[in-house]
Amino acid sequence: MKAKIEQVGVLLDALPYILKYKDEIFVIKYGGSAQTSPVLKEKFARDIILMYLVGIKPVIVHGGGNAIGEMLDRLQIGSHFVDGLRVTDAQVMEVVEMVLSGSINKEITALLNLHGAKAIGVSGKDAGMIHAEPVDFEKYGFVGKITAIDESVIRNLIAERFIPVIAPIGSAGSGDHPGFNINADTAAGYIAASLGARKIIFMTDTPGVKRADGAFAHTLNEQEIETLRKAGVIAGGMIPKVEACLHAVKGGVKKAHIIDGRIEHALLLEIFTSEGVGTVIKP
Amino acid sequence: MKAKIEQVGVLLDALPYILKYKDEIFVIKYGGSAQTSPVLKEKFARDIILMYLVGIKPVIVHGGGNAIGEMLDRLQIGSHFVDGLRVTDAQVMEVVEMVLSGSINKEITALLNLHGAKAIGVSGKDAGMIHAEPVDFEKYGFVGKITAIDESVIRNLIAERFIPVIAPIGSAGSGDHPGFNINADTAAGYIAASLGARKIIFMTDTPGVKRADGAFAHTLNEQEIETLRKAGVIAGGMIPKVEACLHAVKGGVKKAHIIDGRIEHALLLEIFTSEGVGTVIKP
Amino acid sequence: MKAKIEQVGVLLDALPYILKYKDEIFVIKYGGSAQTSPVLKEKFARDIILMYLVGIKPVIVHGGGNAIGEMLDRLQIGSHFVDGLRVTDAQVMEVVEMVLSGSINKEITALLNLHGAKAIGVSGKDAGMIHAEPVDFEKYGFVGKITAIDESVIRNLIAERFIPVIAPIGSAGSGDHPGFNINADTAAGYIAASLGARKIIFMTDTPGVKRADGAFAHTLNEQEIETLRKAGVIAGGMIPKVEACLHAVKGGVKKAHIIDGRIEHALLLEIFTSEGVGTVIKP
Amino acid sequence: MKAKIEQVGVLLDALPYILKYKDEIFVIKYGGSAQTSPVLKEKFARDIILMYLVGIKPVIVHGGGNAIGEMLDRLQIGSHFVDGLRVTDAQVMEVVEMVLSGSINKEITALLNLHGAKAIGVSGKDAGMIHAEPVDFEKYGFVGKITAIDESVIRNLIAERFIPVIAPIGSAGSGDHPGFNINADTAAGYIAASLGARKIIFMTDTPGVKRADGAFAHTLNEQEIETLRKAGVIAGGMIPKVEACLHAVKGGVKKAHIIDGRIEHALLLEIFTSEGVGTVIKP
Amino acid sequence: MKAKIEQVGVLLDALPYILKYKDEIFVIKYGGSAQTSPVLKEKFARDIILMYLVGIKPVIVHGGGNAIGEMLDRLQIGSHFVDGLRVTDAQVMEVVEMVLSGSINKEITALLNLHGAKAIGVSGKDAGMIHAEPVDFEKYGFVGKITAIDESVIRNLIAERFIPVIAPIGSAGSGDHPGFNINADTAAGYIAASLGARKIIFMTDTPGVKRADGAFAHTLNEQEIETLRKAGVIAGGMIPKVEACLHAVKGGVKKAHIIDGRIEHALLLEIFTSEGVGTVIKP
Amino acid sequence: MKAKIEQVGVLLDALPYILKYKDEIFVIKYGGSAQTSPVLKEKFARDIILMYLVGIKPVIVHGGGNAIGEMLDRLQIGSHFVDGLRVTDAQVMEVVEMVLSGSINKEITALLNLHGAKAIGVSGKDAGMIHAEPVDFEKYGFVGKITAIDESVIRNLIAERFIPVIAPIGSAGSGDHPGFNINADTAAGYIAASLGARKIIFMTDTPGVKRADGAFAHTLNEQEIETLRKAGVIAGGMIPKVEACLHAVKGGVKKAHIIDGRIEHALLLEIFTSEGVGTVIKP
């Protein structure tokens, strides 16, 4: 009985957070180990359901991780990177969409539904949600940058109490076009800003953003990020993440989080306890 | 960090219960030590808020406990009991209403509001909610029995997302009438049945209902109750409680609980853990 | 038959007023003889119902009159006045709330319900409606001044077609606090302003506000009130009433009335006939 | 002041009736002197507005009285009666519609609007409201009997808070057809039944229905009507009225009234006082 | 089969227009041959239904054409014109209203209903829709100019999915007044502006507006109209039409069209094909 | 101009069909050449948009055609057929889902959105829409049969005015399960029945169902189908189609159509012209 009483004590510690976040939209960029480890996937799903049941409106954005590269290899389609971007010709784009929308998106959707959610998997091409144009067609092919978000689609889904799970494919808006391969971090940032989300949370395989001294930063602002970036401390895959964070907080999102998705229940820890698990970027 | 992870594990253990009880009405008969101990009051309030935030619709019914007797003493109004019922003349009735609606009801309402609820305190006379007639005017005066519940009033309040806190005063429906003093347990049972509540929970100062052998019963059905009552095992103040339980479950309520309100967070233990804390009465 | 025809003629004389006031909120500060005389109470109730049925949205605010003093005497709790305010310690406050919310509020609510209304009695502490802080705790104890009104609670009740009957108790908003004793006239003025009421009407035991020459004023504006106040013509209990009137009309209420509640059907006379029965204060 | 107090007393005498009839549909067959006398027209309009403002939903059905005959004369179009029905060829029908929909309907609508209503004049041909077929084309031409009422049209108008004013023209439902000339009493009866009206009231130039002994009947039932009809006591224009009353009450209308429209405010007298002014026909 | 395939090809050519005009209000001034020729009437009705079914909200305004003059002749009521306006005394006004509201309005309404619409015929006097005052009572009598449009009436009807058919009679707003005879073109212009219609279309018996060289103008702007008017090229009945067009486009209507109603399906040609059939007036 | 007039004549011929099908759900099983030919795809898209714009609610269900086989070949995953069903192990199932949900579903969705629709691509696993169990796990692996449809998901999407495009994947409802490969024809039949669709239309590469004499049948009923099936005339891929038709019409769908999708605009021909283009199966 004593254990049980402690248990409900824990439930009650979450009360102030539940009160604070009721009816708020949280955009979650799902990725890294949390997306591949069977144990972490399960915990992620339960975290999302709990958020949903206590009144938070989660919106999931995911990328493709290694699955796209693997499928290209299996299909013996060569592809290469320029400036860290996968050069995406029509054949590659076809695989990108198939893997993102057909495998990964559906896997996440199914995972959430199995735990009791009413999740629906959509692509940025569905109902014209993400409009894009080429970054530089000569250099990267169908790698796109976002020109507009029609967030009404997402709001329609939330209004019907769905949890939207979004694959970052962009629509060209006209013609017979394979669509655009969009960076998932960037897509998450734009979607959060367009929805006026309360929080955006990036699930990564790092404990957060490092400072120049190698220590992890608990909070960062725009200027600090600028400095770290110029110093090359923020580099590689962390760049689109911090940029997406800045885009989101400038667009009205209250806080952007880069958290360590390798920690079990990282999402709940961040949201429902006093213990932050990563770096917070504020306006 | 480890402690925090265990903490969110606990949150997640509540998931199946949250899923099950979402949007269901729970009628809570509040009373006993849970209503008088400062520590237990605080915990009760937080339990109710948590229930409310995860989607349960709580409806609180309370009695007057000792406060009525104390106020009668302070006002030097004599009163006596016949068959366990306080004989209620007009002067006593005035005090009953004043104490129930003006002190206790408002105290509970304020308690809940302080913890973040949107509670509203009403009496069974408000908007004609509880209709009553005398049990036996000659013998008991304005002690009433319920003739009808207009549950639409409660539904109106729930629709506006209020937590109704109800004082068990009955309306005579006509004339210049002081109203009726209704047993709070009975009122709770009628209200639960009229609302088609999922659960009714009586908070008491006992571990539940005793069997003939002195052990506490985990579950009871109508026949067992009948037997225990004839044997005098169920007696005194437990009688209106079990009767209210039976009235509720016959009226469509799925389960009636008589729990030990002296245990901290007894409500959450009952609702969100596998560990029951009292006696369950089923149809 | 002739009498009957004259009768319907009278009904029709009310038509222009009904057209004008349809769907408008009227805040009524109930008090004085209208609250104590059995004959006047009955007429008040019928007046309110008629207003309600022809489309006006009445909101009743009441004070405690002599009942609080009487109960304090009966309970042998001493209390005294400083600057016309009852010094309110915790023990007094408990009685204030009990009498206001438990006796008077419920009596008015029952009175209206008996005549066919769907009235609901609430206190300013319900759902955090009236927020207050001490006027001067050293001097007056729990005598409060209003810091904010959450009028959404009242609107929720009106939306469900209830007639709200409000006891002027203020909430401290946090901690274990007995609440605040608020002047009912002041509370009515704040509530009317927060709701953008069409009219606020104070029912008093005077024919209205006197001018310097002793005659009763039919209309007054802010400047005239200032002059009369400085001259000591407006004094005593009339001060909070005219201040509440000014607060209301500055806050958007079109007209504030101080009427003679000793006249039968004073409310209907004021609202539905060309014959005013008191003093009107305009912006 | 005394006169004014009596005045509000009268207002209050109407209270029980207002409570009883709130949100109920009353179908009024308007006709006779009430439709032609300038004084009575004015009073009729004010009666209807008052009914409307206290929550009754009036629906007006009117006939053409002498205006059709006059216009036929002015246009030198001969017409004659067979079995009390005006034989209606296409030329006559054109005049019937023009006078009913263009003159009388608009006159009534304007009259109500001038007194503050939001009345809208429609014909039974609008939106396919009244479907009809010939009574006997060989004998009477375009004299129609009702085959169906599409009451949804009327409900749509009531939902937008209009007072519908209906000219009794029937639609043939197909082809290039002038429509049908429908008896206004009959149309009123069908409309009341289709709407499940609370009351139907026929305004006539008689004190009600006579009994065999020449006295006016206060109430009649179906059997009594049958007897009086066979005895020839109910005859002429009273026949379609009592038939329409019977059709209405059999179709669910609670009471049908044949009242003396020559009495000023006959409608209000009937509805809001204890003094009936004609014959009531009950199921 | 080939013919059928061509047929659906045609359906599809309308797609871009359907997409563009969905949920937009189109005000149609109906008149000329389209209102008198049996063949054209039929085609007009089907055009309106099609517009309605693909999501356009048509509002029809009609005039009286020759029917008023004919009826005045048949009734031997003399009338004459001053400055192109029919001098309208009370006797003439009565006929104007009767013919407009009773014959023409109902004929159009019936025509539309027979083809499957839910049309409702109203006059500008219904529910106080068109408020007017005399142009110059001395000279023209009850010829009115519009002072205000209460477009909420039309919106109420559209909300219930009616097609409003409006007779251009104006209300004086008070007293025993026959109403005003309003120019139908002018009424259409005011109604379109008050509703923020997408288009206003005048159906005439000309191919459009002539330029100085006698050729028909495809588009005109305000300045060109001014020039043509001063030059007397725009004259007679075309003046109120172009003025109504200018009033509408200045009031927010996107395009005003003066089309040749003698061409079969002129409305659909204008709306659903690339081929314009008259003159367009733009802001 | 003449051509244009003929053109609008064609538009009008569709009127009766538009009236008849307004607000009705049509389930379209998309497949065959209509899904592969660039020309036919384009025409299919425009057909669907037109249906949508005139008020029909289309729901698209698609299969995978040859794309699944091709992808299995490219990935060098062997697979074979037993009883005409592709034996589906976990590896094959992964490809089935990826191709259905990621390539084909998104291609159709994008196609519709490019033509102006608000289409959303979902799988039967989204929000638990299609529940399934193995047909015979030993023999066929993850080939599933439908146990239940949660049509509320589809209704939610239609309520937000989306066109749902559904991939026939079934959910096992629990555990870590790859889902089920469902026959698309069967899925369409179940979905149509669950929605109470007006029509279900199968787009095939045949002119319809053949009779025993080799002629194509315009209509068939259950008994005829039974006979043809026993005679082996209905065989192969036509079997699930006729079974789905029977399931749909028994479940309340009014008509099931098997049409020749190779004919341009076959859908519109079937829906909007008098010329049927295949076989109709009626209850």
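As written, the chains take the letters A, B, C, D, E and F, and residue 1 is the first residue of each chain.
Operating definition for what follows: a contact is a pair of C-beta atoms (placed from the backbone, for glycine too) under 8 Å apart; a residue touches a chain by one contact, two chains touch by 3 or more.
Just so you know, these numbers come straight off a predicted model, no measurement behind them.
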- Message: Spelling it out: a chain qualifies if it touches subunit B and also touches subunit D; which chains qualify?
- Response: C
- Message: On C-alpha atoms alone, could you tell me the rotation angle mapping subunit D onto subunit F? Nearest 5 degrees is fine.
- Response: 120
- Query: From the C-alpha centre of subunit A to that of subunit E, how far is it in Å?
  - Reply: 55
- Query: Using CA atom averages as chain centres, what separation in Å is found between subunit A and subunit F?
  - Reply: 34
- Message: I need the residues of subunit D touching at least two other chains; which ones are they?
- Response: none
- Task: Make each chain a node and each touching pair an edge, then name the shape: line, ring, star, complete, other.
- Result: ring
- If you start at subunit E and step next to subunit F, which chains follow, in turn, all the way round the ring? E, F, A, B, C, D
- Touching subunit A in the complex: which residues of subunit F? 38, 74-75, 94, 97-103, 105-106, 109-110, 113-114, 118-123, 125-128, 153, 156-157, 159-160, 162, 169, 171, 173-177, 179
- Task: State the interface residues of subunit D toward subunit C in the complex, per the touch definition above.
- Result: 1, 4-15, 18-19, 22, 46-47, 49-50, 53-55, 115-116, 263-265, 268-269, 272-273, 275
